Amino acid sequence: MGFFLMVVTIIAILLFIISKKSKIQHIISLSATGLQILIALALTREVMLRGSVNYSFLGGFFYLDSLSIIVLDIVLLIGFMASIFSIGYIETEIRHGVIDSNKLRLYYILMHSFLFTMVFALTVKNMGIMWIAIEATTLASAFLVGFYNNKHSLEAAWKYVIICSVGIAIAMLGITFLHLSSIGVLENAQFLDWVALYNNAESLKSPIVKLAFIFVLVGFGTKAGLAPMHTWLPDAHSQAPSPISALLSGVLLNSAMYGIIRTVAIVNRNLGSSIYTGRLLIVLGLLSMLTAAIFILTQKDYKRLLAYSSIEHMGIIAIAVGIFTPLSIFGALLHIINHSLTKSMLFLATGNILQKYNTKQISKIKGIFKLLPVSGMVFFLGLFAIAGMPPFSIFASEFSIIVSIFSAKKFLVGGAFVILIAIIFAGIAVSLFKMFYVNNQQENLQRGETNIAGTAVIVVLLGIITITGLDIPNGLNDLITQAQSIIIGA
Amino acid sequence: MRNLLYIVIQLLVIVMVAPLLNGIIKKIKAFSQKRKGAPIFQMYFDLYKLSRKSSVVSDVSSWIFKVTPYIVFATAVAAALLVPVSSLIAPEQIPGDFIMLVSILALGRFFIMITALDTASTFGGMGSSREAMISSLIEPSILVSLFTMGLVTKSTSLLPMMNVMKGIGFPLAHPGCITIFLALFTIIIAESSRIPVDDPATHLELTMVHEAMILEYSGRHLALMEYGAAIKQLTLITLLVNILIPHDQLIAITGIGAVVLSLTIYLIKVIGISIIIAIAEVSTVKFKLFSIPNLAAMSFILAFLGFLQYFVLGGCYVLF
Amino acid sequence: MYCFDILSLLILLSSFALMANKKSKSYIKSFRIQSLLIAIAAGMMGIKTIIEEGRFDVMVVCLLIIILKVIYIPNILNKTYTKAKYQVEKDFILNIPILILVCCGLVVFSYFSLSTIDGINDGMINVQVVNSISVILIGLFFMISRRKAIGQIIGLLVIENGLFVTAMFSTQGMPFIVDIGIFVDMLTAVMILGIMVFKINEEFESINIDKLNKLKG
């Protein structure tokens, strides 16, 4: 059953190569991602019933538990949304002559292989193969970042590939050390197997595990956009086509964070406490929030601003994982979900804005409500949501993280956290709310939405984050609680 | 008695063999250029010829000019006495260690440099400034590599060093020793004015280093200078082969035969190294002066890596 | 036996030689030599595993290294370099002796940082691990010391080489499937970067990556 997730994508990629008409390609893309969502729903049910899905085929290669199914569902949901949005977006780009129609096929092939690599990273239990898949995400998305082939996007793509490849190479060193620490403990067939490593965590060699954690944190942290290693992120997010920005920010960062969480679970179990990993994660997290706060205050480009906001939210998740109490892990997992949905909604909305105004400068955009009534409204509410205002779901997860920080008696961290969130809120308000002021200069632009299906998608996403902000569904609650007990080890 | 025997054999071997090496190197270079070349004993004839000629001394020069050739020759011979050609003939103890060896050689070099300035000719000053640069760049790597060998063998004196390395058997099988060997080899090339650093055959003002400094000398004085340089070269090669490729442990017999055998193997090793030097010389081109720091840095790195490998392995050299 | 020690040292020395190179062509040559040394080490390890455990996977990995890293990737890079129209010769920021001394410092650093971690090879510090981690660090330093795009690709490949050697010497080889995956990833990365070098060359009229400085803040 689970293998169909990958088979669907492979068939879709083959069909893209064969098919000639752009309409057929749109249909293939939609049906592939739609089918994947259905499979994911079935898998989710299975995981909720049994706790994990593990086929004996290929030596137990395929593995899903409630932690990976959460991230996997987000990947497939946002993949579906992005492929709906892409239809209108790419058609408009072709009509404006930004890209020629032959590139549609390349776009779809790359986008689906990007999704494929992420699905692959989330459904294996061998850490080495997970590393390979995460490295492959960089390679699959490299040309998507440089899709427009101009100076800026090439620069962004080059930085993206170089920085992420080096970062991920360092993560490989960490995984090598993890492997080294397990020699003599595990059998040959179990090498690098996450479940085996986790079950035998107490008997691994602690000094090497500690060393391994630093390398994994720096490596996957580069990919997740944690602060000193974040420099590729604003460039890549701002230069990629908007649906791809949504995927990068909403999905890719999560898969890297997922790698870190898996390692943290092993290391904490091995060391018997979370002090070692906690300190490192909290320092990196606060640093990310600080960097984001500074750059958001002075930002002139709205897509870059949203990219820095992603760095901030990754920092928040890192801090929550660092605290490592049941409540904070619950908050972290919830925050992963909420941030992905909210941020991809915002990036999709910027796609509409960008195509209408044809600029990324905040100062050149006025009166969005008039020109784009729906997208403008969603973007406006989304900014409140991403800044952590109730009733949206990010408020709920941030609140539970703050409560967990204070109840773990880390008052300094908590104080800094709250102050930084306040600064970022002010930054978003000061920089972006200018876009909504009315000004009569831009009367020459045509009014109304162009990408109807895409606009419907962002409205749906807004609906989801509002509803989950008011009340977390029971099923989701159970799933997160299961994942939490996997990480903490009940 | 034993001391006397040592001194006699040491002088006989090093002082007599030294000019031969230059002959061999020149012969190999000639072969590689499809020439017949001078006979290998040519340098002996040259030295004999020069020593019978009187030397011309510039009337503006001071006493330093006249005294230097003797000092250079004397320091070379003194250095030669510190490095035993075979551990079988060596006495219980040789006064002086490798620090003394380096300082004696430095004394000779110091006099060559000031005598080149003494006659106030432009070439001499140029040569001595270049020599000062090269030697100061090469000095750290000599000391680091020799100190590493000292740490390995727990001694700074050359005879105990040789004895310990003999006990090890074949040190070149060891990573640390390989780098030290390469570093010392580079140092020998630089110290004996060989091709990547200096060209012994040139008299072109742009490229001369060693030749520029002895340009004013003639006759007997020139003979002493060249002889001194040849002895210094052989002393350094002896240091290299006897410490890093020890052979005396292979000799099973005792008595005179053992000494003869040991000296024969020694000669074979020395000739082997000089063949390698000749090959290195024909297969590279001379560096420009400002690239020499790169070579010196490389040689320093080699010595330093050897030092590190020794520490990384935690002294298990002596164990195997 | 000390032959793995010697090989690890030679691999380290080859990365020093890479650092001392001035021209893109000679980077590629040094990389080829380093990969050849790694292939020899893998081959020896492969023979050992065939004799002791009867597994052939390390030998397959050795063959893959020879095909990919010794032959194919250097050829791609050579082709990329000759096709790139705009070539700059001066490529390094500091002069070479300083670069080499910094590398030396990196070796010392990796030695001292690893010496504080017990558990790597049972109490005694493993010379092979120190050397191969130094190769990774030198690869990183190589990347920041060169301006040209080719230099950066070579730096990335040296890092990968260092990773492979570290894995091989510290754990007697990663699981087979992981090794294969790493090769596939690396090959794709080199191809993608090669294509990007062309595009950068066309768009910026140079392959000097100092010119990639438009995106800031």
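Residue numbering begins at 1 within each chain, and the chains themselves are lettered A, B and C in the order written.
We adopt the following convention: a contact is a pair of C-beta atoms (placed from the backbone, for glycine too) under 8 Å apart; a residue touches a chain by one contact, two chains touch by 3 or more.
A quick note: this is a predicted structure, and the numbers were derived from the prediction, not measured.
A.B. asks: Go ahead and name the chain pair joined by the largest number of contacting C-beta pairs.
C.D. replies: Answer by contact count: the chains A-C.
A.B. asks: Please identify the chain with the largest separation between its CA centroid and the CA centroid of subunit B.
C.D. replies: Max centre-to-centre separation from subunit B belongs to A.
A.B. asks: Could you please state the distance in Å, as a whole number, between where the Cα atoms of subunit B are centred and where those of subunit C are centred?
C.D. replies: Chain centres of subunit B and subunit C, defined by C-alpha means, are spaced 37 Å apart.
A.B. asks: Roughly how many whole angstrom separate the Cα centroids of subunit A and subunit B?
C.D. replies: Subunit A and subunit B have C-alpha centres separated by 66 Å.
A.B. asks: Report the inter-centroid distance (CA atoms only) between subunit A and subunit C in whole Å.
C.D. replies: 31
A.B. asks: Taking each residue of subunit C in turn, which ones touch at least two of the other chains?
C.D. replies: In subunit C, nothing touches at least two other chains.
A.B. asks: Touching two or more other chains, which residues of subunit B qualify?
C.D. replies: Counting only residues that touch two or more other chains, subunit B contributes none.
A.B. asks: Looking at the complex, which residues from subunit C come into contact with subunit B?
C.D. replies: Touch list, subunit C to subunit B: 2, 5-6, 8-9, 12-13, 16, 20, 95-97, 100-101, 103-104, 107-108, 111, 124-125, 127, 130.
A.B. asks: In their complex, what parts of subunit B are in touch with subunit C?
C.D. replies: 173-175, 178-179, 293-294, 296-298, 300-302, 304-305, 308-309, 311-314
A.B. asks: If you look only at subunit A, which of its residues touch subunit C in the complex?
C.D. replies: 126, 128-129, 131-132, 135-136, 139, 142-143, 146, 149-152, 154-159, 161-162, 165-166, 169, 172-173, 176-177, 179-181, 183, 191-192, 205-208, 210-211, 234-235, 238-239, 295, 298-300, 304
A.B. asks: Looking at the complex, which residues from subunit C come into contact with subunit A?
C.D. replies: 117-120, 133, 136, 140, 143, 149, 152, 156, 159-160, 163, 166-167, 170-171, 174-175, 177-178, 181-182, 184-185, 188-189, 192-193, 196, 199-200, 203-204, 209, 212-215, 217
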